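Note that the chains take the letters A, B, C and D in the order they are written out, and that residue 1 is the start of every chain.
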Amino acid sequence: MRDLARRRLPKMIFDFIDGGAETEATVRANRAALDRLALRPKVLVDVADRDLTTSVCGLPLSMPLILGPTGLARLAHPDGELAIGRAAQSQHIPFVLSTGSSFSIEDVAAATGDDRQLWFQLYLLKDRKLNENLLERAKKGAYEAVVVTVDVPVVAARERDLRNGMTVPPHIGPRNALDAARRIRWTAGFLRSGRKLSMGNLIEALGPEAKNVKTAAQWFHDLTTPKFDWSELQWVRSVWDGPLMVKGILRPDDARRAVDSGADAIVVSNHGGRQLDFAPPTIDVLPGVVDAVGSSVDVLMDGGIRRGSDIVKAVALGAKACLMGRPYLYGLGAGGQAGVESVITMLRSELSRCLALLGCSAARDLSRDFVQLDGIPAPANRARVT
Amino acid sequence: MRDLARRRLPKMIFDFIDGGAETEATVRANRAALDRLALRPKVLVDVADRDLTTSVCGLPLSMPLILGPTGLARLAHPDGELAIGRAAQSQHIPFVLSTGSSFSIEDVAAATGDDRQLWFQLYLLKDRKLNENLLERAKKGAYEAVVVTVDVPVVAARERDLRNGMTVPPHIGPRNALDAARRIRWTAGFLRSGRKLSMGNLIEALGPEAKNVKTAAQWFHDLTTPKFDWSELQWVRSVWDGPLMVKGILRPDDARRAVDSGADAIVVSNHGGRQLDFAPPTIDVLPGVVDAVGSSVDVLMDGGIRRGSDIVKAVALGAKACLMGRPYLYGLGAGGQAGVESVITMLRSELSRCLALLGCSAARDLSRDFVQLDGIPAPANRARVT
Amino acid sequence: MRDLARRRLPKMIFDFIDGGAETEATVRANRAALDRLALRPKVLVDVADRDLTTSVCGLPLSMPLILGPTGLARLAHPDGELAIGRAAQSQHIPFVLSTGSSFSIEDVAAATGDDRQLWFQLYLLKDRKLNENLLERAKKGAYEAVVVTVDVPVVAARERDLRNGMTVPPHIGPRNALDAARRIRWTAGFLRSGRKLSMGNLIEALGPEAKNVKTAAQWFHDLTTPKFDWSELQWVRSVWDGPLMVKGILRPDDARRAVDSGADAIVVSNHGGRQLDFAPPTIDVLPGVVDAVGSSVDVLMDGGIRRGSDIVKAVALGAKACLMGRPYLYGLGAGGQAGVESVITMLRSELSRCLALLGCSAARDLSRDFVQLDGIPAPANRARVT
Amino acid sequence: MRDLARRRLPKMIFDFIDGGAETEATVRANRAALDRLALRPKVLVDVADRDLTTSVCGLPLSMPLILGPTGLARLAHPDGELAIGRAAQSQHIPFVLSTGSSFSIEDVAAATGDDRQLWFQLYLLKDRKLNENLLERAKKGAYEAVVVTVDVPVVAARERDLRNGMTVPPHIGPRNALDAARRIRWTAGFLRSGRKLSMGNLIEALGPEAKNVKTAAQWFHDLTTPKFDWSELQWVRSVWDGPLMVKGILRPDDARRAVDSGADAIVVSNHGGRQLDFAPPTIDVLPGVVDAVGSSVDVLMDGGIRRGSDIVKAVALGAKACLMGRPYLYGLGAGGQAGVESVITMLRSELSRCLALLGCSAARDLSRDFVQLDGIPAPANRARVT
């Protein structure tokens, strides 16, 4: 699916999705850390009926997978978050709409049916009125939970974007015209959509002022601040009475602090390696966070989830569910809503098969006993065939 | 031999043999784990006469090597299991005929002489009558032992097969016609054999119903079930009074349970990396299983055995013998019975030479003292020559 | 910037800057050791105002970065150390002028304004009068500190230089004429500068004898000695009353000895992998040195600093600041003073961003708690895509 | 030098020298194990006069390096062992003449002057009279010491030789005629030397029977035996009263046994990875052997010595000196006696420089304190530049 997306999307869009901060050490480390965990299967267990369901903060999930917040999905496909929301709905898993989404809270709510599970991701904005506006609209739109992202005090340097001259909205000039011309479908969609800024939530929240904000970089710079501390989270807690999750925690002490500040769930995340380069891989820090707060709140995880076996590993090490970002965007770029559904379906069947082969008939029953740390050895000192 | 097979077999057949589940992490890990073990030789030991013999469940072997069950050997060569059985016989080692073999229990028994050592591998089928049919025929055919495979509650995704459009029986269409045309010998044999389903044991067991089963995938789906637990093994124990081995164990607790259920031997196996991707390498879990049950039953191992030194390592860490799969299929594909014999002969002479160089005059005398865990260092931080 | 320098400089000049001793194991190890350290970010910390300043021996720095001594900068650009000194001044960080600089102590002092922070690096010369001459001139030129380099009892074999036929001054002959012709800017600058020996400090110190010294190799051979022991450092201490730093320490016991001999700061350094090949990476030995002497003197570090995150790691593990060499020479080769400034500016903004993302509002507040040893896993056993 | 040899020698000759047993895992491991050791330099030590000398069994060496026994040196150059012996003499280091040398004990003794240091390597032959013949001739020829090789009970499979069709003497046929034609100098020398068997020592020892032995493989097969145990070494001890060294020990218990059997020195060796594949790297087992017997006898080491820093590492970990094989054969192939001398000279100057940079003024003073196990980190998880 990633290869398909790479073929269908202009390089600068693909790299915007695929890339990470600076050297991308953390992007690679997320995968390497998952890849060295082995799974210890039990045999002769009745696994005829595998139960993939789980719950997060009491909300039911058809499987331990959540479409994480990613922002600006129209870059990948004209239907953007509408397609993602519908795909999530059809698969009975939550979709976390980003503050920086192309379509607004209301658009996405309207495009999906009654049984959809929408959560809302909040970037803490400087102006509390904007935060209130967003939270009220989320409540009105029946968004079930709020996920506050706390790992973007400033935006990291995504060097692929710098090299590609990527801006939001993207600019098609001499440098990338040929590339765009070869991705006709994407380019046609992009032109049809009027090359709009497309930040639905913020346009709505800002009202008439929105016209002053031209680029995503500018809105981030103008509207956010690196000033916030835990009191700001406590303020959110005081105005949002639904489930409140905090995303971007990588330390047990911060997890405890988040719980003390009123969080109902912790998302162990390094922003997919897109923020602090050299942040540790999430799967490595997950057990420590679970040990610290897992008995009182749910712990989720994202970062490098590409296979059903990755979900199994995370859940076995204590996560209630995983958030996923890039893979569904690859699916979106490759085939719109159907592409997203296809990604979820693949993961579901991989997860189901993995549980069967592991001798575990319910995702909820996964435990550390199924995982062998450092069980997959590093490459051996073999001759390179020449 | 692998290279020769790669040249002689169509890509989809070669990949069917050579490939593994999903990312093939376990296929690689099996090798990497063996490759990091060092051997600690003793000098000035009289090794003029090396005794390679051993026994498994009281059955004598000319060397600690068994041709493991692989199924559908006619895909590699028209003589299929007949050639393998004859090669094993000529080398005085056992051949484990698969439930899913191309030739039937009776065919293989008939094709080999009195002194052949045939064992029978059983997939637990939903319908106990079919299991009884197979076990009775095995008994009648003087198969010495039964090996129950327990790591296939469902079939894993072998992604090379998916990509190649590999089915059983294989289909030659526009996509692979060129490839087939370039492997004239294989294609001629394949066409001559009438492209039959060739699942001898099952055709015999199913009787007239066999004509409804068109593909290997279908028979597996129709005839097996992920429902079984340890009681099914106990049932096999109650109807088979010869040596009973359980193949596909990767945990000490499961090994103990298998022994409690009546197993006479344990085969530590991850199905050559073809079932649960990210299952641990067998050589790494072997010592724990030996510690758990090695004093009461024999422990065997498969997974990545390619050299005499690999057999030495496994036996030194407590295995009575190793099963091997892919290498003899490469031999079969490359040269029929003679190819299989040549693979066994190579391994025998490597094993003999390795024992001599190790200062150990009998395979049975190998012990952990001869192995250094992590003795072969990982590649160093060297400049890549460019 | 390195790539730009590679394009602008003749290969033999680029390799002279970029290369290291013998197999360059230590050059690579410096980077590999930094790359396996993870950073453990704290969230919801007010990082609106990041304070990058620090001090070394009481001297204030605008950030924990020092332009280390490198010698013969005119090889990279006609303006050589004048450009570097001006760039350092404009960025309010110290520049350590080398004994082997192209421009003299006086030239560099004259080329920079009142607020510049110049330090002087001293190679201990056989003839104490020369040392006195250099130290007196440094004092007169208001150089704030003296850095005594102690890891060059003899010069290592830089094999790239041997292979390139690199000499100082460089010789343009048939072998590299084409290469030089393609780097027109550099060659023009080199020819304009009269291909002079350009060792300003030594020409000044030697007086009329200077004309006997033709090459850098010769001056090193003629003027230095592998004889010196700690008493020579004590002698420097007796004649220099400003801050005295000792550069090239890799062992806690040597660090203690340096402090006992009067050093005010220790520079943990393996000369960027240009002296003892297989010397350990500096970041690995830093904590031990800090534990040994960090409470009494300042500890600095160089070796492989390429990113803001590298500075963060070194400071978190106890360094007061980092010295950097190659990167600013790449900048110098690529764009003279502006190139050097641009390198410093990049590092400053990376450092600032890294602190923000780490949840640390002052470089001085970095501590070991922010670092995870072995936090970034080695590459996994993945299939090589072919 | 290796590259030069590769260009000058036919592929099958180069591979015969360069290759190892089976997968060559031990060949690579010898290097990888050395490459991960770091050296911990001391500074401000007077290293003006470096003393490289040492002694082995009371015999003085100009540096801790010995030209190890390699056999059949005429394959690399017509002057074979005569050239090596002269080179060793000129450099005041011992040369260990192999039982399987091209020139005889007497030839080499006659070709070198009074001050040469020749040692004799003995393969234990089935027929004690042959052993006596060799030992008596060694004594008569004033060979100072005897090195008994104990790691060749049988000859390993050197797969490059098998693939190249390499025999001794080599056969030039259609398969390698082109290769030979392109290495005119080697081929001319080879033809001039009459393509003789050239196993001087054995021809002499066997007398008229020598004409029955056509190939090196045959002599090894006919004359040696895997039967020997420690009593055979005791017999050698009883007939040779000079220094007696045992080469091919990789275990502390075997080292103790060798000392108990009368050995005066132990050579820790895996035969350069040419015998038991997956034998551990020698530098890793050296400290254990030194701990076991180092207080009573001298311990030597070979395996992967390519640089002065490798000698430093081995000596620091307890070896009195290192034997070297392949590098001097590369030198011999590249330039005869001068090539061998040049290899020794390079190593001497590297060793001297390494000691200077390490702050150690005598090779004899090296100790474990100078070595950091695992001090050079493995490659980091870096992006592969594409």
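Just so it is clear, a residue touches a chain if its C-beta (ideal position, glycine included) is under 8 Å from a C-beta of that chain, and two chains touch if they have at least 3 such contacts.
What you see is a predicted model, and the numbers here were worked out from it, not measured in a lab.
Averaging Cα atoms per chain gives one point for each, and the point farthest from that of chain C is the centre of B. Interface note: chain C and chain D, two copies of one sequence, contact each other through mostly non-matching residue numbers (shared numbers fall below half of all numbers used).
Each chain gets a centre from the mean of its Cα atoms; for chain A and chain D, those two points are 59 Å apart.
Mean C-alpha position of chain A lies 42 Å from that of chain C. Remark: chain B and chain D have CA centroids separated by 42 Å (rounded to whole angstrom).
Within chain B, the positions touching two or more other chains are listed as 23, 25, 28-29, 32, 35, 376-379, 381-382. Remark: chain A residues 35, 37-48, 307, 309, 313, 350, 353-354, 356-359, 372, 375-382 touch chain B in the complex. Residue ranges of chain C in contact with chain D, taken from their complex: 22-23, 25-26, 28-29, 31-33, 35-36, 150-151, 153-154, 156-157, 225-230, 232-233, 248-251, 253-254, 257, 275-281, 284, 376-379.
Here chain B touches chain C in the complex through residues 23-25, 28-29, 32, 378, 381-383, going by the rule given at the top.
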